[in-house]
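Written out below as structure tokens is the structure these notes cover.
Here the chain labels run A, B, C, D and E in written order, and each chain numbers its own residues starting at 1.
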């Protein structure tokens, strides 16, 4: 240690501030968790899930494997910065330990090691030097990519990147400066002492010949320290808060903590975990339709900045495509719904009048839901199927339907939705049924998530049909046409039901496999999540989705959602059928064939 | 060469003349007023695309110079002698004209709004007809009779149409779209004014009419009230109080307005009625000439060689009138050629 | 002798006059069979007597006032306790009495009766079987037979017909004696006069001129106010049942509010009911809200055509029963400069006003 | 003095010159499609709440247009916000948003 | 089941209800529509539907009793209908079929019967000064009280003839004339109708009291 010119203080202040802030923050978050969640979190540490959390922290927090899978170049950029820097810190400390054979040194010592130790001569010093230079080079390549991304995003295959706020700009500038400044400082050190490796030494040679090194040597270390300090201080107020938050989030997630309908600290942690990578922008179909303020990254940003969120919060369809794309695995749908509930003043709704609805005893209940009443073909088909199966089914909302409550929930009216949930629950429980079948994914999701129906198994009609086919109660028959299956948002991404409908469709037709399907399936554009989305945007989404399907020239588009069916039917390029309609057709075909066979047999016999 | 007489110098008569002259037939065009053009001259712009009516009339400016055309202005035909061929027509000035074929294009007349006394036309100055409104639109200057810019204007549909009280039970078809056209033009001139249309049914029968209606709501904030005007009365400050029912709510509605525009319907002209009566031509139940049939002989009369063109057989738009005139010209030509053979 | 009432050219609605030719009707010139009105007899008996006096003394016409006539049951019919058949038979009985007296020109004092009779005649015309039924019923119940009248006129039609004659004989004109300006008069024609059958009312349903022409001929100025055609608010059962009487007041008030900005000096009516309601409701409004519709603070006087005609012809206001009006007529009499025994009139008014203090 | 307690004055007609159009204008500002309504009644015909009661969304939107705010809140309580009306509307009016906004504005006025 | 054919054969319905284009001119100037939640247009609609249940419901409700019989609707209808006259017919049938007792306004027919009906039957007049008390008609004002107090004197002043024989205002209707109109009232169903009104209303009141 030769000199001590105090340049480490900016770094020290920044680091201490950051750690203090983070500790307080994490404690506050923890305190605000519900009692139940706290217990879960404490229990979590005794389980093996901890290892999964650590693995995920490394994979997502450092290696950014999720981004890497979706966009290797972007993944590399994030990985080089995060993991590179992490390794740099780790290797720096190992280097110091190797040099001093002790752990007793200030923690900033490793950061400015080249300054404090001009003549590293321990065994392996050369190797350490080379590794450190190499790591710095990797990071610098990441920084270079980041700069290029800002200027020419197309190179990354991205259509758009996020917009920046002031603190973001400070943090971003600091971050970008840290590594070039470190290189500068270390190169100047190498110019004096030749204590670097392939990169810093080479650059040092150049400096000594071209620049008066003594004039800028201290300054370069000061700047390096300052850039670090600035970055750490700006971090909590910028998008880079996601770096520490994400780790907390990963651990909480692995502890099994679930998002709630109300806005809690878990939701806040998720909100801070957004790295604003912008991947959700590309996933959003509304961007194509000219709506550029509702995307998750923006609404999270607006929320964090306490801006007016009404338009961006309520203009989204909540199709869930962004959630699937999110490399951080933020529960964007739940977050948005919870936020809508938080942002909405409770508007008074009253459903006393629904009490007159019929009550009946039955083994199986069929609940069509409001939207199915607009596509009566689905209702008829369901009845055809039930008749064929001979099941005793009570068509619960045959005459006077009570909404399931999902639309109100999506509009942020939690209390009013609860009223409807209460009404339906009473009716269902009074019937003594064991199974509840739904043909609308929106209802299905609501029943599954928001209802408490002990002893009743809630089944989506496609799942039920799948079971029936597998049990041999429904025939398998090829209707002889090519189909495309469209995953409804609430069924696929919303309820993770992908395979059963496909099995049903495969039993009756040749299904064309698509690139954009399952989790990446397109939205029809009419989802009930959109409260104040202009109709033009909705229509554009529908048109684009239909154009995509039309390329495959199917005979029919099969969906499992009345809303999708109604919406796609507006565009008349492909006939749209519900999965129940397909099944009912197959039953008809089967029955006809049976009759024919009987007739033919009789003819032969006579 | 066969001789053709066309009675009526409105656009129907002009279009028939143009086509027949083009085919080389000599034509006598008889017009009772001192100028050609007829009713279209009442309208500055035509629905649904606001084409200036002059552009339609422009097509016929070269007609009077045609050597084959004999133009008789200020002439009225009183009697036709059907007893021998060619037919002979006698005018009010005692001129006799012979014709192998006669095309009746005597058009329509505008309903006299004074017959609807309760609407106050001719009694209160603020009540005007759509024809007078069109004149103001042409002059780009809409004022109340008291010289002020109106702040609220109400357009009343179905005046003299669909009304047994005045003997016209049919629909004039064009008033709805004309009201919307005028409402939009008015709104363009007076962006601050509130404009209301009182209708019974909006009969937007044309391909782009419905869009114009939507546009009137979307872009021009024109309000539509479903209900027929019941009565108009005048306040001491000369503003008008109108009473109607908002039939979609089912409650009476009172409104103060500065100006009331009555969308007057089309009627068979008195001349047509008299002419038909004196010459034994058949008249339909609504007073218009009755064509041979409503589907494939809309231009033919019951008498051989006598044809109808345009609104003499019923309400038609400008486009339909021209189309009908063209069809009539075609049947006339084939009739005359058939005779020559 | 009958003649067709012609249309005068000098009307303010001159531009529309050509259409009035549709709304002309026979008005018999002489030999009237007079049919009294229940309401008018009850509330303003002097008015009917004035009409007869004018016929007799001024116009020298022959009429017959038959005591055997009863109510036409029109109020009962419109308040729905008289079946259509009963009404037809009742009207038939009156025609029968008229036949018996040798008259054929029916002159009716009441607008409801006028409307009912025309409606009945129209029904008999449209559905001849109902006429047969009425003949049968009348025969069965009273042993009478009947023939239809030759002409039916409302009493105001007769005054309208002879308005020029009355103007010629009149002592006063509808002119403010002090300022020399014509009085502003609003007219209110009973709904059933022309609204049911516009061709039976002079001038039709929209701008009936039966009263406005009288006003003009006698020197006044007709005011066309917005709610001119609005119903006075009788509403038959609505008024007769106390609970719904607000209906009646509401509509009368609409009319007063509408005419007030024009500052009329007088309301002229041709319907007994309207006359009474417009007179009494002004009093009620004044009692309940304190609002008075005339600038003088007395309310707007409401007169019938007979009362006005008699007044202008110099009859004594007491004799024609003007003191029976609740809304004070005295300011109008003073404006017109009518000479009469003011003491007697004032005494009568005072007696009733004293009662107001007790009530 | 006589009492006239039994005389009740009522005017049920829509007086267009004394309308309260504040709420209407605010709703149109939030959801412009509201003014394209042609009162066809599809919304009312399909309405889930209307199936149970006399709830009439077409009438509600009309009386709002005629400036009648009273009773609106009570009536709109019945809406389940299911969105069928929006789906069947031939003019693509976003009635769900209209209902939400009417309620929001009324609430805002009440609390203000 | 109500006798649809008979109701539709009523000349008042046959003549005054052709078809309706729902233009609303009738409601626009209807005084009752301004005072009650009432529309003549709705009555027309029910009549034109020819639905027995709907018609029965209409005739059993307060709705038909709102009309004030001013007949303003007749003057303007472009199809020359007269809802007011149709109402007359419906009211008659409502009473005839006993439906009127189902609505409070319908039951008020008893009041009409008890004064107008009584006046006609007993006096031959629809209204008569002796039957117009200040208790029932305070709106008639002090002048009316004074007239009632001085009936003879007032009629003498204006050449009236109250309750006396011979012609003139408010004369006593001759006994034979009264007999004639009573005979008509009895012979053409008016008395039956009145008795029915009285009986049914009183019975309903009793039922309600029990």
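We adopt the following convention: a residue touches a chain if its C-beta (ideal position, glycine included) is under 8 Å from a C-beta of that chain, and two chains touch if they have at least 3 such contacts.
Here the structure is a predicted model, which means the values were calculated and not measured.
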For subunit C and subunit E, chains touching each: B, D
Between B-C and B-E, the pair with more C-beta contacts: B-E
Centrality ranking, top chain (CA atoms only): D
CA centroid of subunit A to CA centroid of subunit B, Å: 65
Computed distance of Cα centres, subunit D from subunit B, in Å: 40
Subunit D and subunit E: spacing of chain centres that average the CA atoms, whole Å: 37
Interchain centroid distance [CA atoms averaged], subunit A/subunit E, Å: 75
Overlap residues in subunit B, where contacts from two or more other chains coincide: 118, 226, 231, 246, 251-253
Touching two or more other chains - residues of subunit C: 206, 229, 242-243, 245-246, 249-250, 254, 284, 359
Touching two or more other chains - residues of subunit D: 2, 4, 7, 10-13
Which chain pairs touch, all of them: A-D, B-C, B-D, B-E, C-D, C-E, D-E
Interfacial residue positions of subunit B with respect to subunit E in the complex: 118, 158, 162-165, 200-201, 226-231, 243-247, 250-253
Subunit B-touching residues of subunit E, taken from the complex the two chains share: 21-30, 33-34, 39, 41-42, 75-80
Residues of subunit E that touch subunit C when the two form their complex: 10-12, 14-15, 29, 31-32, 34-36, 65, 68-72, 74-75, 82, 85, 88-89, 91-92, 95, 105, 108-109, 111-113, 115-117, 119-120, 124-129, 132, 134, 136, 139-147, 149-150, 154-155, 157-160, 162, 165-171, 173-174, 176-178, 180-181, 183-190, 193-194, 197
Complex interface listing, subunit B residues touching subunit D: 202, 214, 217-218, 221, 223-224, 226, 246, 248-249, 251-256
Residue numbers on subunit C that touch subunit B, as the complex places them: 13, 15-16, 18-19, 204, 206-207, 224-229, 261-262
